[in-house]
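First chain A sits with chain B, and in the next complex the same chain sits with chain C.
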Partner chain A sequence: MYRQKYLFLLPGLLVLVAIILFPLLFTIRVSFSSWDVYNPGLNWIGGENYGRLWEDARYWQALGRLTLLSVTTVLIQYVLGFALALMVWRDLAARRLFRVLFLIPMMTTPVVMSVLWRTIFHESLGPLNPILESLGIGAAPWLSSAGWAFAAVVMVEVWQWTPFMFLLLLAGLLSLPNEPYLAAKIDGAGPVRTFFSVTFPMLGAISVGAILIRLIEASKIMETVYVLTSGGPGTSTETSSYYIYIRGMRDFQIGYSAALSLTYLIIMIVALTVIAKLLVRALVKDAA
Partner chain B sequence: MKTLYLALKYLAIALWSAFVVFPFLWALTTSFKSANGVTGGATWIPWVQYEPSLQGWQSLFGGVGGINVVKPFYNSLVVTLSASVISITLGTLAAYALSRFTFRFLWMRNSDITFFFISQRIMPPIVLAIPFFLMLRSLGLLDSLPGLILVYVALLMPIAVWVMVDFFNGVPRGLDEMAWMDGCNPIITFWRVILPNALPGLVVAGMFCIIFGWNDFFFAFTLTFTETQLLPVAIVSLNSSVTPWWSLSAAALVSIAPLVVLAFVVERFLSKGGLAGAVR
Partner chain C sequence: MLKITDLELLVGSVAHLAAINASFQPGTLTTILGRTGAGKTTLMRAIAGLIAPDRGQILLDGTGWTRLPPWKRPVAMVTQQFINYPHLNVRDNVAFPLVRAGVAKADAAARAEAALARVGLAAMVDRRPSALSGGQQQRVAIARALVKKAPVLLLDEPFVNLDYNLREAFRKDLVDLLAVETGTVVLYASTDPREALQMGDQIVLLADGRIVQSGSPRDVFANPASLTAASVVNDPPINPIPFHQNGVADFGALGQQAITLPSGAYTLGLRASDIRAGGPHQARVTLTEVTGSETLTHLSLNGLDLVMQEKSVVLRSPGDVVGVHLDLHKGLVFGADGQRAGV
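Moving on to the complex of A and B:
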């Protein structure tokens, strides 16, 4: 009814379309070319890059590893974040101080923290192994063996992003109404029962939101890997983004990396949509 | 039973607190070491376990084995703040429109347009990096502050729209309608009536934009060389096998400090219930 409404919407929309649309269309076109160091330019080679991608075992392994890494870290973050939020929700001395403290890691620059973590994981000079030894657990080859390097990446991700889960879930907890808890008390429900029949269901929607946001962000992970392990040892911590980075920005196979990144993007969109649908069905009561 | 539960709870909180604080303490103590202090193994207590030195902190202003963080700090500040202000301005306007008016472009309705904005967060940076590189090169904006600001606007605007659409949906429509009936057009209504009431939303949006802008690494890394290094890029450039850990730690602490302050702001909002609407 008001023509001015376009004045509000269009500046933002057009700027975003202009900045995003060109790269996307360009990537689609480049993925059908053999643009590399020797032959920079847009020729047409049909679906050759996509055929090569199909047989690129390293790409599919990176994707599998990314899936494992994202699901593991997000699950740990969710469980820990929920537990921490419940603990500082009420009945705790100095709870506001702990809230601030638990939020701090998500404010820090991930890549800068990764640089610090790398010194912490250092096998002879870092502080982590001496601590583990004094606890009787023993030193670990943190960044030089495949399994430990993967664990190191998980640990850094958990440190960095559990606070995000904590923030969303605590905000949810603090906005809960009091009546259901009174009702549960009158019915004589214990704390465990109250949690599973009152608190958890009421945080269903927020849980889905928090898990999805973290899964989206985790699916893009590469900075931590780049700094901490450079994908190594071997390719044991290489994720999709990092593999595409190697092909595109290091080997300069622009055409092939464009095909890789488009496939990656489509797989991510499909997978996240399916996961979103499943999570909503499982955790949000009203949708059933 | 009750005591056991309480003991376990405080133990869990103590353990997690230690885990959170651990890297910061390590960085703090390392920043006061010299080469001897670092190669002496993992020590924590100055004077007792190692001889403290100010080498790391002095190297922040240039010097052997360190980096001058003054210029990268300034660059990061300019890029983050400019991109945040532009994103929030454009994003708030768009969010207001999406929350109050109905739009139809072809098959797209309001919810589709909102989703288009927010869905940009799904895009992995690596997909955009090479086209951005070529785009900025052809515009002559590679390795420049305006080029980075342009890219960061695309990165941050989805966040601003996401927070503000949600916020405006919570502001009663009666407010607008009253102003319209008094004869204000939408622009004046927005400026005089809505914006002053939107301050809490703007603060939350601003916070998120600043966090994501300040903490981004990948675009700053791929789209600049030496002229306009941002702070994270400058710090990562120190990350080699012969890293001077003392300079690294001091620089890392300087780059993290400004945002740690934000944790206090976020907590204030959280405990007052101001975030409940914004994070839905």
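Moving on to the complex of A and C:
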């Protein structure tokens, strides 16, 4: 009778095996094959795909680019999100309206939003360059120059996902107790010092959670790059997931893209684990 | 010297503080005594800068701070709630005001540990406030207030949320701790007259946002200037017994008393301890409260609601009839305007 309780775990276990374990194991197996458009099938070629990716400079460049893009966008999103959350946290007229307005970018579909931004960035037809010119700043080659295209991807990512940071940090701010703020006032801490000594450390755990969620999401960036720049000009905005997509879905090198995917997954797990530990140590006092 | 002049604070049309004028000397502990809602906390918060008064001035040694933000005022404060920083350990909690004042971290930590030793928490410096009991958390708050060495220390009913035994013990400890703070103006808000009589060098009675009397605790207790002051400074509150003076004081069914006063209507304030069981007047018991070794019996006598205080535990039930004696000659006489008469 007592052992029958394990039967209740079976449906969940079956779903887990079906949607996580099987695809993962299958991908591992595929990564040791030369499955491509000419030879579809699970032949065994050993670690050949892994050897190939080790020497694939384009893959590692994409990974480096992804790292830069993720760190840059998440950092900017965190700072902006925190600033906006602080702005509408307390004494601001119509703060409820602002709280909703700030969330709008996050509610748009990434592909639709990327198409809109591609139109905005369009160098001859888009509205951004005329505005910059009217301000005397001058037009920029937004999507045709490597540096500007990277900046454009960063801007769109920041625009769309800052609200996510804002939402989590605002929820954290609203859950903070008032008492430490009263104590800080009496203990001689002005608004700036109170932020760094009370607000920021008390939001440490939420900050770590928000940054990690965004890093995980940012490391999977695909739609924005696909629609906005298609990885270009050249490969200047190509990220890991987009490169894997090219190898797998465009070149149909399924075996090789499986090896790329698995390597990417392992790197991400290791990197995010290390980052999580570092962030917890730096931002969460309880970890000391 | 801390001086407050014409302090006034209105919320809507209701005066939470009105015409507050007082001065407090360094090295003295002044108890601000008043019932709940009298304006004690509002006064403390106004001094600390946590709320802005509508008019009036707060001056320390002649320097006005009414417009200074709270973090720039040389004030330390302990509130009713156990207020600490949940993300800091006990040592860092106490060191916080020192670090903010620019004291080096190592020095601040050493001074914080010394302050914690004074309040009996030397062994708990590395714990978080959440790992402490309510009493210990309040000791942390007291240590944090003391370590700041501010010229003004505000204690807003710091022990009100502690149990009776702890409150008694802390009160004595606090008096010992404050004995060495000779250059500090200490204001201690309380609703408990016994606490005020036990602790304060000076007492200020507050009612409806106004100071109704101030002076030495013994003097204020013995000679309350008004029925309101008498009510605030007595616990249980003084029993108001109306009488008519026409040659003698006529208390109706309670008898007459020889008092020299002009003719007119008066009120006799009779302390609960001046009513005794075992007298000729038959009173009906409406409620009995046993507090420690005392019994407070609420009585109904000839339409008057009275409270009798006995230094023993006497259990009576509502509806019981008890014979009582009223020591009317010990009462305090107040005129129709509520002010003391016949003094």
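Here is the rule we go by: the second predicted complex is superposed on the first by the 275 of 288 C-alpha atoms of A that agree within 3 Å, B and C clash if a C-alpha of one lies under 4 Å from a C-alpha of the other, contacts with A are read in each partner's own complex, and residues count from 1 in each chain.
Just so we're on the same page, a residue touches a chain if its C-beta (ideal position, glycine included) is under 8 Å from a C-beta of that chain, and two chains touch if they have at least 3 such contacts.
Only a predicted model underlies this, so the values are computations on that prediction, with no experimental measurement involved.
Applying the stated contact rule after C-alpha superposition, one finds that A:Met249 touches chain B and leaves chain C untouched.
By the document's definition of touching, of the two partners only chain C reaches A:Ser197; chain B does not. By the touch criterion defined above, A:Lys185 reaches chain C but does not reach chain B. Judged by the number of chain A residues each one touches, B leads among chain B and chain C. Looking at the shared chain after the overlay, A:Arg65 reaches neither chain B nor chain C. Once the two complexes are laid over each other on the shared chain, residue contacts for A:Pro127 go to chain B alone; chain C is not touched. Of the two partner chains, neither chain B nor chain C is touched by A:Arg214. In the superposition on chain A, A:Trp117 makes contact with chain B only, while chain C stays out of contact range. Of the residues of chain A, not a single one touches chain B in one of the two structures and chain C in the other. Residue ranges of chain A in contact with chain C, taken from their complex: 177, 179-180, 182-190, 193, 197-198, 201-202, 204, 285-286.
Residue ranges on chain B touching chain A, taken from their complex, read 9, 12-13, 16-17, 19-23, 26-27, 30, 38-39, 41-42, 44, 90-91, 93-94, 96-98, 100-101, 103, 113, 117, 120-132, 134-135, 150-151, 153-154, 157-158, 161, 185-187, 190, 211, 214-215, 217-218, 222, 231-232, 235-236, 238-239, 243, 245, 248-249, 252, 255-256, 259-260, 262-264, 266-267, 270-271, 273, 275-276, 279-280. Those residues of chain A whose C-beta lies close enough to touch chain B in the complex are 1-2, 4-9, 11-13, 15-16, 19-20, 22-24, 26-27, 30, 80, 83-84, 87-88, 92, 96, 98-113, 115-120, 124-127, 129-130, 159, 167-168, 170-172, 174-175, 205-206, 209, 216, 219-220, 222-223, 227, 240-241, 244-245, 248-249, 254, 257-258, 261-262, 264-265, 268-269, 272. Per the touch definition, chain C reaches chain A in the complex via residues 48-50, 69-72, 75-77, 79, 81, 83-88, 96-97, 100-101, 141, 144, 148.
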